[in-house]
Structure formats: structure tokens, C-alpha cells
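What follows is a set of structures to go through.
Below, chain A partners chain B and then partners chain C, in two separate complexes.
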Partner chain A sequence: MLIARQVDSPRHSTSHRRQKRSFVFMLLPALLLIVGIMFFFLQGIARSFTNEKSYIRNPTFVGFDNYVALFSDSTFLVGLGATMLYVLLVLMLQIPLALSIALLLDKTSFMRRIGRNLIVLPLLIPPIVAGLMWKTMMQPSAGVLNFILSSIGLPGGSWLTDPATSLLSVVLIDTWAFTSFSTLIILAGLQSLPKSLREAATVDGAGWWQTFRHISLPLLMPYVVLVALFRVADSLKQFDLIWPVTRGGPLNSTRLLHVQGYEEAFRFSSPAMAMAIIFVLWIIIYLASFLLLRLWRRTVNAVD
Partner chain B sequence: MRNILGKVAFFTAFTALMIFILSPIVWILLMSFKDYADVIAYPPKFLFTPTLDNYRDVLVGAGSDTAGEAAQFRQYLLNSVIVSGGAVLLSLIVGVPAAFALSRQRIRGSDHLAFTFLSFRFAPELAIIIPLYAFFQQVKLYDSYIGLILAHQLITIPLVVWIVRTFLADVPLEIEEAAQLDGCGSWRVLWLIVAPVIKPGIASAAILAFIFSWNNLLMGLVLSGVSTRPVTVGIMEAIGFDQIRWGWMAAAAMIAAVPGMIIAVYLQRYIVSGLKAGIVK
Partner chain C sequence: MKTRHTLVAAIAAFALLGSACTTGGAVEQNLDNPGTDLRSEETYDPRAFEGESINILLIEHPFVDTLRPLIPGFEQETGITVNLEVLNEQQGFDKLQADLSAGSGNFDVFMTSPLQNWQYSAAGWVEPLDGYVGNDGITMPGYDFDDFAPGILNSGRWTLEPLTGLGEGPLWGLPINFESYNLTYRPSMFEAAGVEVPTTYEEVLVATELLAGSLSGNNYPVVTRFDKYWDLTYLTFGSMAGAYGVTLLDEDGEVGIASAAAVEATELFIDIIKAGSPDGSSAFTWYESLQGMTSGRFAMALNEADLFAPTYENVSESVIADDVGYAMIPEGPEGRSAGAWIWQMSMSSSSENKGAAWTFLQWLTSPDVLMETHLAGNMNPVRLSAWENEELSALVETWGAEPGQYRKVLAETAKIAEISVPPHPELTRALNRWAEAIQQSYFDGNVKENLESAAADIESILR
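Take a look at the complex of A and B:
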């Protein structure tokens, strides 16, 4: 090894430089892509400070007018509230559910293996298909859900057709579609836990709940926070599931900000206003991810 | 006694979970084999004479009036294959060398760069799609495969870079160093030595990227027109607002979910390992 290095040393610096140069070439297309994406993103933000509409020939700079208008527009504020509520419901429902399912399917047994295979299915079905499947079943008068409810003596729901229950119904569809993703991550976390630790606790006479509460859960926290990070970001910008199912209705009850941005741009021909909404949404996602990433680092440090 | 109770609790929870996950899929699958009368029947029918009419209507049509529509749907499927396949291919060509360079060279800010890729995963798609829409119309990329493939990079490249990067971290550097001493350039090291080792990682990244690209609705809704419309938008359009053709929709939805189903059966381990690598590590 020593000899090889000595022999090689005169050429080493040139080959090293050549290597560095080829690394630059390897990165170049990706860098171009990043620059391109950044360019369009910044250009979009710039447009949010204009009065651009498809029927205005020469849009002019209007400063923060669009943002001021947004925050005094009740539809936007309702949408903002609906978005926050959506994220809150998703977290409250899906994190405990994913954790429970992961615990249920952890360990090796024939049935659990089948279960682990089957829970991947919803992840592979396009959200639009998932949305339509559930919409079909949630039909108030002829849907199978209400039929089953009434046959066991329960009152049926109005589901997606009533502003009071529509958001919760979409959250339910979201839960079906995306809890698998969360479960798989937590399962991976569970399987990476040192077995010896849990066995030691059981030997010490700790019950299942105590073992989970004081040993497994703290070790799992980084995974749980990571799941929360992904679910928060994805539900804040949820569109694919909502558009085919409710198109934001009834009565704006499911008009989340991403849906509002789409309508503003492509139904009301106002890309400037749309970009203002999207930029507000982006800031919310950025802040939420930033806070959750900090929480994640803290949980990782706690584990170490 | 406690053991039996535990078993009962497990079976109850397990059954409830399986019903929750499988029943929507089974219900729509059943619906896709029903004729119109059975679809709208109330109370809903669980037993009926199955028919393939819906699949025929979606894929080949019946008679001259629906044949055109079926041809269009087949075109949508082809469009989805072209756009998602193309997007994944481009992401691999661009992303794998980039991930390699990022993991092998201590360039200043390389972690930053990797994070920038990941941050695209979290941005609302419209932040890019709205500006792209105007730009694509100017440069005639609107309703073109190339335009859609470029736009889909927003979805596919973060997955590819991030997943491949974690798989690269597990490759021992010694082999590469030995090859470099033998005079192999970085490209040849990547192609001949590293790529074969991380093949499962590349496969995971490609499969996950394909799924997410295939499932996407918003990109196609905005950036595609009559000639490049993907299957997700195709289904969306075919359901009128007041009158939904349930049987047709069920069959079309099942067909649109076919790539996912195939992957679920044959390539599932790649999804799980890809998710683990991309997120957990």
C-alpha cells in the first residue's frame, strides 16, 4: 500500500484534479435542473406582486396589493382555516393509527407478513382512483357505506355532500390512501430497534405497555416525527385527492389552499393571485417543515 | 387466559384493518364487473352475474360511437407510460451521477444541494406549474411529452437523488479507490463498479418515482392537452359532474391502477426498501 502510494504520487495530483472535474460534469445536469426550477419558482413569486390576469395586456407591479386583498378575502381565510383543520385532523387520526398498525404487524408471523404485504396496496393506487372509489361508496342515497350502516341499525351520513362532514370525509379518504406510507416508515423504525433492549425490559417484569411507553416509544420518536413531517407537508398541499372528489365544495368546506390556487389560476384566469396564494402556502409548509425538522433532530439526539 | 384474550384482540384488530384496506378495492372491482342495472341497484348487490362489458367499453368500445372514446382512453394509457417512463429515465440519467458525485466528493455545500433536491418534494407543485404553464405556451412545450417529462422531474428527481444517495453510502470506498489507482475515471467507476452494486437501490428509486409520477393528477391537468393527456386526467374528464358512469369509471380506475398492482405483486420489496432508504436512513 505504501509502495503503491509512493509510485503513484507524481501522478496523484493530476488524476485527482481530473476526478474532480468529472464530478463537476456529473453534477452539471442536476445543477441546471435546480437552477431551472428555482428560476421558475422565483419568477412565479415575482408575478404575485403584479396585477397579471389573462385579460390584462400589460400587467404592472402592484406591490403587496394581492396579499392585502387575500387576507381580507373571506374565501381565502375560510380556505386557510380548512387547510389547517385538515392537517390537524390528518395528524390526530393518522399518527396514532399508523403507530397502532405498525405495532400490530411487527414481529414475524404468517398473518402479519400477509398484512405487511397488503397494506402497501393503497400506496400504489392513484389518489384520484382512491378518491372516486370512496366517493362511490359514500353516496348518501345509494352508496354501500350508508347501506351497511343502516343494516346494522346506525343512521347513515351525508358524507361528502354536507359542508359539516365533507372535510372529515376527505380526511377519511386521505387516511385510507396514505396511512400505509406512515405505517411502513414506523415499521422500519420498529424493526431497527435493538431487540435485546426490549427483551431485557420484559425479563425485568415490565408489562407490555410500560415497555412500549418507556423504551420503544422514545426510540421510535424520530420515525414518528419524520412521518409527521411528511404528512404535514403533503396534507398542506393536498390537491389530487380533493379535486376529483369535491372540487372544493360543498360551500368551500374543502377548498384547501392548493385547490384555491388552482382555481384562481385556471378558472378565474388570475395567475398573480394564484401565485400569492401558493406563496403563502409555501411559507406555511416551509415553516412547518423547519419546526418539525428541528424537533426531529432533538428526538434523534435524545435517542443517542 | 391472557394469551387467548391477546389472540382474540389481535384477530379482531387484524380483521378490522384488512376490511378497511381491502373493502374499497374489492367494492370497485366488483362494480367494474356489474352491468348498469346491477350498479344502480339498491340495496347494493353483492352477488350478481359478472360481465366484461365495462372493460370492453373502456378498452375497445362497442360500435362506432364508443370505439373512438376507447381509442382515446388507450392513448391516455400510452401517454402515461411515455411521460412517467420518460420522466423516470431522465431522472436516472441526471440523478444517479449527481447522487454519486454528491456522496463521493466533499464539495462545499453538497449536503445543501442534496437537501435542495429533497425540498422540491415538499413544495406545492403549483409553485412551479403555474410559471411553467405560461412558459410552455410561449415555447410550444404545452401539451408535449418533453414538457411533461421536464415538469415531472419535480416529482421524480428528489426521490431518485435521495434514495440512490443513501444506497451509495453503504458501498465500501475501497473497491472504488482500487479501481481509480488502476486508472479508471469516475464515470467508469460509477458505471462498471458502483452501479452494479447499487442496482437494487436504483430499481427501488425508479419504481417509486414511476408510481408517484403515474399517480399524479395536477401536472397533467394543467400542462397536458388533447394529445398528451395522462390516464389520471382521462378518468377525471370522463366522469361528468351530474351523471357518473359508474361501471365505466370502475373499470377505467382498475385499469389505471394496474401498474401499481403489478408492482405490488412482483416488485414490492423494492418499494419497502426504497422507502426505508429514502426516508428512514
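Take a look at the complex of A and C:
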């Protein structure tokens, strides 16, 4: 490979020079981006090792004190657990749902035309609006959800007002708001699958389930994992849906880490603690994305 | 006439418990005194800052509606443009804090309270006002600074020393109203159930259970705020805790919220709510409380703000105007206790229009303008002279199930109302943590355990 390129290079000298030039042109924005992001990122990490608070005029370095305090603080640990549970619930609900809707939409061209237009509607609504809309509908005594449930003879729920059901209720809102995004990606995957394979399987006498299980699903896996990657990263840092709906409550039931970070920074004026929480969250997101990307590559290789 | 004087005397004697804890040698603040050299002229000129424009953040409150109609008059008189932004309490304070901490000075003047100002002033975000008040070139003649009820005015002073020095040091805000807490009830509902208005917290539970039996449909015995927010433990439940001898810091300066008496008070409070409030009451803020009461669905508002009275009594906003009474806040084993809340206006230290901002502040808190807001429903007056006003007295006299009922209750309440928490920049956080423990107990019933865990956290927050 190396030898081949060396042999090739004299013949492509103009394009090589052009490549070099474009490399220089790209260097500046890349540097700006890296410096711009890395500076604040590193500054944030540095701040998490101080005792900075709005009323402490001269913050000093306190080593790992903030992190030690975090991992011995019940609120943080509950928030860490709630964040993990949130992600798990999102995946368990949204991936099967998105897959089913995508399969349904893929079935006929009529469904596809109508359904694809309808399904993007939640995506056009800002999460804050979606959240407030659902908050009104989930209101236990005056909300429309309990009204509908009672009119068909089912008991109403406490939804967002009970710590036992609030996290699941927010996950339901999240599902309403973001499943269409996942559906669209999986649908695109479905439509890119070679028809011939499935037709061949049908000709060989395979049923719908067998065709799906052994042919479509393995081929779709890269898309499913991609959806999981997006949803995991987004749900781990979910904030704009939760804050207007529950502000982390009732109790700490929806106080995910991002909410806690926000509160530390903007309610309690403790940027150091906020940065510590956000840095822990960043590590979790980084690790999750890293693992999912590896899984994604493996599924892509498997398809190839 | 005599009763009116009792009221003035009671309000004049408003106490700051925090100041009682002050150690003798409070640190002398060596702050420079801004505002003294803002304008060199000797006499006041309302148009001195003509053409400037100021942004004001107000927290949704009955006061705001009384202020709005007066703004055009101010703009005309001074040539200053006023931009009002009104937000609900939690959003408003969040936005204010974001603005103040960024030092961008978007808001020149903001609505606040001692509790918030302990956080803001310690961070250097609030302009001390003494220099402005003392400068005759920018403060109108007849402003009469000494007319403010001393305790209420001094609640805006703090030396910036944690846990002490309240009522001393620089003035961080000027008061616009104060509230304390009472038991507001519906005479018709109590009569129908054959229940007497309760005078102790134990009786409140009994009355709640009896009312629950007689009320039907969407009507409930009790409404009170019950959010996981500092106002619960500072004001409403805080008042009940006081009647059980429970305060955030006890006499020895220890966190006192997990004592046997605290457990008893918390259990009783939760029992009352469970017996008398609808589902979802665990998220009620003061707003739901006020709306719930004015909608006529509740038989009593327990330990709620007395300054809701003008809204209750206003036929265009309330269906209970003809059927509402006021009683003293209930008694506990240690007597009666009532929290005090003072709304203030402060100036941002990063404001770029301090002259115009002060012109607005002193205009708003001047005797005449405050009087106009009081007559429109901004309760309770913070200037002693306001209570001598015939028109206001006549208006207030009509409030309640019998003539003079509101005034009598207020006069008695003012004698016991006090700020019973020590000043600290992170006090809201400590009070939030306490409120969380109470709410948690509502759901899981482990009162003692939850209060002990909150007490430990508060200990590390405050020290």
C-alpha cells in the first residue's frame, strides 16, 4: 500500500499539491474549533476542582473534594440511577416501537406517503412545547388523559405528580416526541435493503416473520444501533423536556444529572459543583457512545 | 381609631429574629457608598434622567397588577422608558439569577426578598441603596424614609456575614409590601358541616376530617402550597413548625429540623393534607393555592398568605367574595408562630442606568405611589402612614366574615410575625432540602429518617 502510494505520487503531483493546500485551508477552522471547544471544556474541568461559588470571591483548588462529595450525596446517586433508568426505558420503548412503525409504513406505498408526513409532526414541535402540552394533558384531575381513561372505564393515573410514575410519564412524552426520528432512520434503512433477498426468501417458502427475523433484521442492525446511539446520547443529557414539565420533581424522581447540573449552576450559584456533575455525565456519554460505535462497526461488518 | 393604632404599633414592632442572634461586634463593611455622587445638583428633578430606558423584572404577584396602570404616569413625569418583564416565581428567580450572575445588567431593577438578596448581595450583584436614599439631588422631597416600619425596612439590611448581622449593614432593597400567614375559611362550608373554625393544628385535622364528610364533588377541605420549594419551609409549613418550637437553627445554633417536635409537626401536616387535599396537591404552589381558594372549591386555606385577601374580596377575580373569613394562624404546643415575607425592589449593581433605576425605585416606594398600589390591592402596607389612611382603612374594614375581621387578624399576626431564619447565601438551598424531606415523607411516611437525612445535608450546606 505504502509503496503503491509512493509510486503513484509523482503522477498525481498537482492533485497532491491541491490536497496539501486544502489541508492548510482546513487547518485554521479546525484549530479554531478545537481551541474554541477545548479551551472551555478544559476550563470547565479545571473549575470542577475548585470551591467556586457566587459568594466565594477567591475560589481555591480543592482537589477531588467535589467529586468525593458527589458520590457520597444521596441526591446525586439517585439522579445517577434515574438517568440510567431513563435511558433504559427510552431504549426499551422506543426501539421496538420505531421498528414496528417503520415496518408498517414500509408495507404499502399509500401508508408510506401518508404516514411519513404524519410521523414527522412531533419533530416539528419544540421539546419545551411538547412537554408543556403533555403536562396539561396529564394533569390528574383536569387533564384530558384521565378523562379519556375514565370514559372507557379505566382508572386514571397520577402521571407526573407521583414520584412512582413521574419518570415513566416523562419517558412517554419523550417517546411521543422522538420516536418519529428513530422511525425515519429505520425506515430509510428498510428502504435501502435489497428487495431481491427478501423475494428470494419468500420464493423459498419463508414466512413474514422468518424473512424479518433472518434477513431484514440482521441487515437493519446498523440502523437500529445508530438509532440507539443517538437516543442514548440524547437521553443521557435530556433537559429541555424535563425542566419545563417537572423541574426534577416530584421529589427527586426526575432529577436527572443534567437537571442537577443546571440547578447547581443557575439556582445555587455553584459552578464548580455544576461542572463536576456535567463532567461525570460527559464521561458516561463518552463511554456509552464509544461502546455503541464499536457495536455499530461490528454490525456494519457483519452486514458486509 | 384605637384599633387602627394597635395595628400600626404591631407593624412598627415587626421583629427580625435573625437580628436577635447578632453578635455584638458585627463586621463593619468598608463598602464604598454608591449613589452619593450620582448628581451634583441640590434639588430633585424628576426629568434628570430623561431619555434613558430601564428594564424591570417582576415576579407574578397581585402587586404587579396594581403597578402596571401607574407606569405610564411615571414615564410621562420622568421621560424614562420602563420595560416590564413579568414571570412566575420559579422561572423569574431562575432568569434573574442567570442575568445577575452573568453581570450583563439586563435588569436594572428587580423584585426580590431578603432571602434572595442574601444570595445576590453576598455575590456582589446588588447595589447598596443608602447613598441613593441620602442624596437629595435624586430622591424626591417628601420621600419620608423614616415612615417605613423599621423592622420591615431593616429586613433589607445585612452585613454579608453568614448566619448573623441581619438588620444591620447596607440596605440592599426597599420594601413594597409584606405578608404573613393566616387561616382563611369559608363560613358557609363550615356552617354546613357544623364545624367550628379551628384554633390549633390538632383541631385543623379534626375539622378537615369533618369537612371531608360533608363536602361533595370537586370540593375539598384544605388547600395550602406543598411544593418542594423553600417557601414551604420558610413561610407556610415554617409557621407551623415554629408553633411546635422548631426552627431551622435552634437556640444553640444547631440544625433543629429533626427533633421529636419536628417529627410530630410534620406528621400532623401531612395527615391534614392527606385528609383534606386533592390528588396532585403535592405540587401546589402559592398560585394553585390562591386560585383554588378563589374558585370556591376549598373550605380553608391553611397558613396561606394574608395578602391574598384583596384577591379573595375582589368579585371580578373570585367567587368567594361574599363568603370568606379570616382567623388567626393556628396554635401549636409552643404557642402561635407566623413567618413573614417581604417583597422588595433592588437595583442590579451592573445596571448601566443607575440614575434612572433609582428614579423609578424611589418613585415606586414613595408614600403616594405605594398608597395607590395599596388601594388597588397591594397588601400589606409597609409604611406606617399608610395605615392612617382613611380610604384604605375603610376598604380593609369590609374584608372578612364580619366588619374589621381582616384588620384584627392582621394586627394580632403582625405582633408575632418574624423572619425566623438566619441570613445565609445558600439558605434557599437549605430550605429546599428541608421541603424535600417533608414531601418525601408525604410519599413514603418515613418522617424521622427523612428529616434526619435533610438535617445532615443542611449542616453541610450552611457551614
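Some notes on this structure:
One rule holds in what follows: the second predicted complex is superposed on the first by the 276 of 304 C-alpha atoms of A that agree within 3 Å, B and C clash if a C-alpha of one lies under 4 Å from a C-alpha of the other, contacts with A are read in each partner's own complex, and residues count from 1 in each chain.
Simple rule for what comes next: a contact is a pair of C-beta atoms (placed from the backbone, for glycine too) under 8 Å apart; a residue touches a chain by one contact, two chains touch by 3 or more.
Here the structure is a predicted model, which means the values were calculated and not measured.
Of the two partner chains, chain C is the only one that A:P140 touches; chain B does not reach it. By the document's definition of touching, of the two partners only chain C reaches A:P250; chain B does not. By the touch criterion stated above, A:H258 is placed in contact with chain B alone, chain C being left untouched. Shared-chain residue A:K20: touches chain B; no touch with chain C.
Of the two partner chains, chain C is the only one that A:P163 touches; chain B does not reach it. Once the two complexes are overlaid on the shared chain, A:F266 sits against chain B and chain C alike.
Shared-chain residue A:A274: touches chain B; no touch with chain C. When the two complexes are superposed, the chain touching more residues of chain A, out of chain B and chain C, is B. Residues 141, 266 of chain A are contacted both by chain B in one complex and by chain C in the other. Contacts from chain A toward chain B in the complex involve residues 4, 8, 15, 18-20, 22-24, 26-27, 29-31, 33-34, 37, 40-41, 43-44, 47, 100-101, 104, 111, 115, 117-130, 132-134, 136-137, 141-144, 147, 151, 176, 180-181, 184-185, 188-189, 192, 223, 226, 230, 233, 236-237, 239-240, 243-244, 257-258, 261-262, 265-266, 271, 274-275, 278-279, 281-282, 285-286, 289. Chain A meets chain C in the complex at residues 53-55, 57, 73-74, 139-141, 158, 160-164, 247, 249-252, 266-269.
Of all residues in chain C, only 90, 94, 97-98, 101, 119, 122-125, 218, 227-228, 278-280, 282-283, 425-426, 428-429, 436, 439-440, 443, 453, 457 touch chain A in the complex they form. Looking at the complex, you find that chain B touches chain A at residues 10, 13-14, 17-18, 20-22, 24-25, 27-28, 31, 40, 42-44, 93-95, 97-98, 100-102, 104-105, 107, 113, 116-117, 120-128, 130-135, 153-154, 157, 161, 180-181, 183, 185-187, 190, 211, 214-218, 221-222, 232, 235-236, 239, 244, 246, 249-250, 253, 256-257, 259-261, 263-264, 268, 271-272, 275-276, 279-280.
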